[in-house]
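Here subunit A shows up in two complexes: once beside subunit B, once beside subunit C.
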Partner chain A sequence: MTDTLGGLTQEVVSGVALGCIYALIALGFTLIYKATEVVNFAQGELMMVGAYVNFFIVTALLDIPLLNGAMGFLLAFAGAVAFAFLFGTFLDLIINRPLKDEPVFSVIMATISMAIILRAVMALIAGPMTRLPVSPFGSGVVKIGGIVISVHDLFIISSAVALVCGFYFFFNRTKWGIAMKATSEDPMAASLVGIPVKKVYRNVWIFSMVVATVGGVLLAPKTLLDTNIGFLGLKAFPAAVLGGFGSIPGAIVGGVILGVIETVSMGTLSFHFPWVKEINDIIVWIVLIAVLMIRPAGIFGREEIDRV
Partner chain B sequence: MKFRTPVSSILLMALFIGCAGREPTPGVTDTEILIGNIQDLSGPMKELGMALPHGANLYFNYINDKGGIHGRQIRMTMEDHQYNPQKAVAAAKKLIEQDQVFCLYQVIGTSPCEAIRSLLEENEIPLIAPATQSGTMSDRSRTGWKYIFHTDTGYDKQANILVDYAYEQNAEAKVAVLYQDDDYGANVLKGIAEAEARHGVTVQKEAFQRGATDFAGQVMNLNKGGATHVIIGGVVREPIIAMKTAAAMGYAPQFLGISPTMDHRVALGSGEAGEGFIAANFAQLYNSDVEGAKLYRKLFAASGTDPKVMGMYNFYGFMTAMILVEGLERAGKRLTRDGLIKAMEGIKDFDGKGVFPGISYGPNDRAGTDAVVLVINEGGKQRIISDWIE
Partner chain C sequence: MKGRYADENLKWIAPLILLVILLPFLLRGATFSYRYYLYVLNIAGIYTILAVGLDVLSGYTGLVSLGHAGFLAIGAYTSAILVDQAGVPFGLSLIITPLITGLFGIVVGFPALRISGMYLGLTTMGFGFIVRRLIIALRTWTEGSAGLEVTKPLLFGFTFNSDWDNYFLVYTFVILVIVSIRRVMKSKVGRALMAIRDSEHAAQAAGVNLTRYKLFAFFLSAVLAGLAGVLFAHTMRFISTDHFDILLSIYFIIMVLVGGVGTVYGAVVGTLFIVLLDFLAIPIFKDWLGSFVAVEVADIQSLIFGLIMFLFIIFQPMGLYGMWLKMRIYWKLFPFNPKKRFT
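So, the complex of A and B:
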């Protein structure tokens, strides 16, 4: 029995780390959705782009003697974030601005196209080989009791928590955050009271690209880097829905729930009930539908009632 | 005047007979043999898409420079199937009907090759060296089996050999398999089932999806099941993550891998976690001392290609090209598709300048070889630790 319990705890811990990756992508979805009501289907690809940019800089710095250690990783990370600022601005320019007053559907289609284009362009630039980035935190592990967690996973969890707390604070306590919320509620009214709506939109794309980059940089050493890692975005999508689309704490809660379900069903559940193995792929979606049946707006979602 | 008619009619008849006997074979002219290759150039296996044909062309060009095969130059034309069976069928149709290739060669992937079986049969066109190690390729109960000449040792046979190896190392071993849940994995499981029956044991089985990023659950289960030897039927990414996950949990079984895990990047990427990892391979390594490998390295260096990509995939194209060339040589000057099939059936113990364990075919045998060598990872370097094992 203790064996099973120990196993379960280990799986939950691993699941939380996996869930935090989903949470980071889901957070990107949420940010853009919160301010513009657009679902950005290229979020996973933005993460992939961020991860590659970081990887390229790390590789370029390897040849410079002073910069091939921790300093190099920091510089590369800073470089990737700087790139994220530029790229976020660019995305706002080419996707959001021209389609501002068009139906949300058009913007969503544009994001899907962007996802495909980014995958193809990155494949051209980076070549077809899977890259093997190393973790800046080494391959060390921390042992607490019988439970093992890698230092890298600890960083993933703490980054996800820090970003979620930061953005929660930002949206609820700062002037800019509240302006963003107001914009999503009613862009026309927001611009009438003097909120620079265009700037709000641009910033939200930048934020979302930065979050994606952080996610990508943390994810790449864990799963290795190729142009298909963006498909993870498709898994983060149910996480965002589960937590309540548009809710920032919802992103992390939804992500962690999904991550834990995945590892536990793949592990202990499959071990004791072999038939679970056969339905591993759909368990996540069963849970999603079950939650939506009980709480249609997701766990943290608010049901919005439109006045007629 | 009297003689004229019979003479001219005899001449005319001779001309007709000559023409009938020399019905042109598609893809073959006096100066050229056109072969068709279908790769994945933009799908999930795109890493191999350029490498395989590049390696094959190294050998074709080498043969062409020496005067070709019976005076004909080999030329290869390529299509992209993105690892999609439907697109593979369309690509094969184009190569056969429009480009009129003489034969198909190195079509990549189990599912794409399975999808074009009926096309091979309809057109009576051979497929030499499909680029997959699935044992189904040489299965004589399937459509079009006669036209497929499989070179590599099947995944099922490899799995069998690896289970035997585990028990040789340790009679008390508890063997487990971690397999990719698709055609590839199914073929591995087939071999595992045979081994289970032979040894009278049950092998613990854990599955994963291609592209999986988390192996905590499976590795926990392997640990709980007490597996001492874990056979991995994956490609590159998944074995690395699985071994790293096990190392992080302080669980250290002997990991063994089916041939796709022989990729050098598994040895490099798994770091300490992959130390001592043993993979099966159906041919000698590109950096070994056999003549075939030496020739490969020489030609590769002369081609001016980035030495970083010298590894197994280019070499795979190179070595299978040797088999095709051997078949074409044997088929003689009057090249026909049927002639190639007969010639291939005549190949016995062909070792490709030491690269292969000895490839043999026969009228009822389409599996080139049943043997592998074992390759160990030592500090990111690969070393062969066995002779050919059957």
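So, the complex of A and C:
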């Protein structure tokens, strides 16, 4: 019995780490959704691009003697974030600007096409092989009362929490954050009161690309790096819907709950009920459909259904 | 008084049907590899049936579906199991299977009564994943991810042995589907669906029963996908879960978008365009690009399709059919075009 309980606790802990990855991705499209009401289906691919850029710089720096350790990683991370700034601006320029007045559906389709373009282009550049990025925090583990958690997972959890707190503060307390919220309510009114709507849109895409890069850099050593890690971005959608789409605390709560559900169903549940094994990879989608049937607004969302 | 369909020019339908019938003979006369072209055309025909169904749902009714490959899979597997394992004749399966798939459509349609837009897209996407996983789980009948071999179509004692025979089977249904769906969309039902797309509130105020018509749109769309599934299973003669992944669902959306949303002909033109591009142009492009870098066909395919969809959304949201309409108006008015009309 204690054995099962210990195993379960261990699963919950790794589930939290996995859920924080979902939360980071979900945070990225929550930002865009909050300001523009566009759902960015390419978020997972943006994360992949960020991870690849970081990896390429790290490998390029390996030959330079002083820069092949933590210093090099920091430099690569700075490079990846700088790239994220440029790429976010570029995405705003090619997706958001031309489709400003189109229905949201067209913009969503544009992000889907951007997702498959990015995956193909990355496959052309990086080749089909799977890369093995090394974790900057080493492979050390921490033991707390019989539960093992890797240092890398601790970093994932803490950076997710930090980013969520940071963005929560940003959206509720700072001038720019409130400007973004106002833009999402009504772009016309926002520009009438002097909010530079175009700049707001650009910053939102940049932020979301930076968040994606952070997520990708943290995720890559955990899952290995190939062009398919973008598919993980799809699993962040159920997380965001569960937490309440467009809610920043919802992103992390939904992500963590979903991560825990997934690891527990893969571990203990599959062990005790063999049929659960069959539905492991779709359990997030079953959760999604259940949430949409019962409470479409999610945990933190506002009830906004216009009944007909 | 004008009849219901009087505004429509139907003169070209007979020559078009004649062309469809003559095409294989022309191809046989023109080239030795006509069998391959017929195979490609068969796939195009099957996808056309599905794309028309998707257009009914997403184009006419405005309910997004990112999981139509799931319906195709249900149709294909149901028919394969019915015919090969339950001994149902192929002709009967052609009727039963689409109806069964239609029931699945109604089930998926229920969430659509409460949610819309991107949430519906996610739900249908989840449905696609769930179907794929269930097919693997039900391995007693479906042989899991190994795939299932299917028998040839046998109708009225005639076995459809080759792509040549299948061509006529597939295109009979393509023509039937195009003509009948165009009729349905011009009728009261079609106008109700379009009213739902334009404004649910207004539609309901005008007396459209939202529940019934939304479920009907899902049903009709799934029936067509099921029909495409039956033809797919029996003409390809091998199906596996790899055929029905999420990318295929997105490619279906691309077909409808490229052709022109909310027009049956648009879905047909878009499907032909994408499938012909896929089978005839992409291998050539891949060979050319392969001389510079190592590439895989799937990557080239998604790169080109993604680019096409992206460019169409930005520059030509009405699709190929919309382009044709604009050109026609342009030539009709030719010397007297109002300035800046098409900007």
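Going forward, the second predicted complex is superposed on the first by the 302 of 308 C-alpha atoms of A that agree within 3 Å, B and C clash if a C-alpha of one lies under 4 Å from a C-alpha of the other, contacts with A are read in each partner's own complex, and residues count from 1 in each chain.
Keep this in mind: a contact is a pair of C-beta atoms (placed from the backbone, for glycine too) under 8 Å apart; a residue touches a chain by one contact, two chains touch by 3 or more.
None of these values were measured; they are calculated from a predicted model.
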Subunit B versus subunit C as contact partner of A:I286, first or second or both or neither: second
First, second, both or neither for A:P128, with subunit B first and subunit C second: both
Partner chain(s) touched by A:T30 [first = subunit B, second = subunit C, both, neither]: neither
Subunit B versus subunit C as contact partner of A:V148, first or second or both or neither: first
Subunit B versus subunit C as contact partner of A:S208, first or second or both or neither: neither
Contacts of A:T183 with subunit B and subunit C, given as first, second, both or neither: neither
Contacts of A:N40 with subunit B and subunit C, given as first, second, both or neither: neither
Touching partner for A:F237 - first (subunit B), second (subunit C), both, neither: second
Shared subunit A contacts, counted only where both subunit B and subunit C touch the same residue: 120, 123, 128, 281
Subunit A-facing residues of subunit B, complex: 42, 44, 46-47, 49-50, 206-207, 209, 211, 213-214, 216-218, 220-221, 224-225, 236-237, 240-241, 244, 247-250, 265, 268-269, 271-273
Subunit B-touching residues of subunit A, taken from the complex the two chains share: 3, 7, 10-11, 14-15, 18, 21, 120, 123, 128-130, 132, 139, 141, 143, 148-150, 219, 222-224, 226, 228, 231-232, 259, 262-268, 270-271, 277, 280-281
Of subunit C, residues touching subunit A in the complex: 64, 111, 114-115, 117-119, 121-123, 125-127, 129-130, 133, 136-137, 200-201, 204, 210, 246-247, 250, 253-254, 257, 293-296, 299-303, 305-307, 309-310, 313-314, 317
Parts of subunit A lying in touch with subunit C, wherever the complex brings them together: 39, 98-99, 102, 104-106, 108-110, 112-117, 119-121, 123-124, 127-128, 234, 237-238, 241, 245, 278-279, 281-282, 285-286, 288-289, 292-293, 296, 305, 308
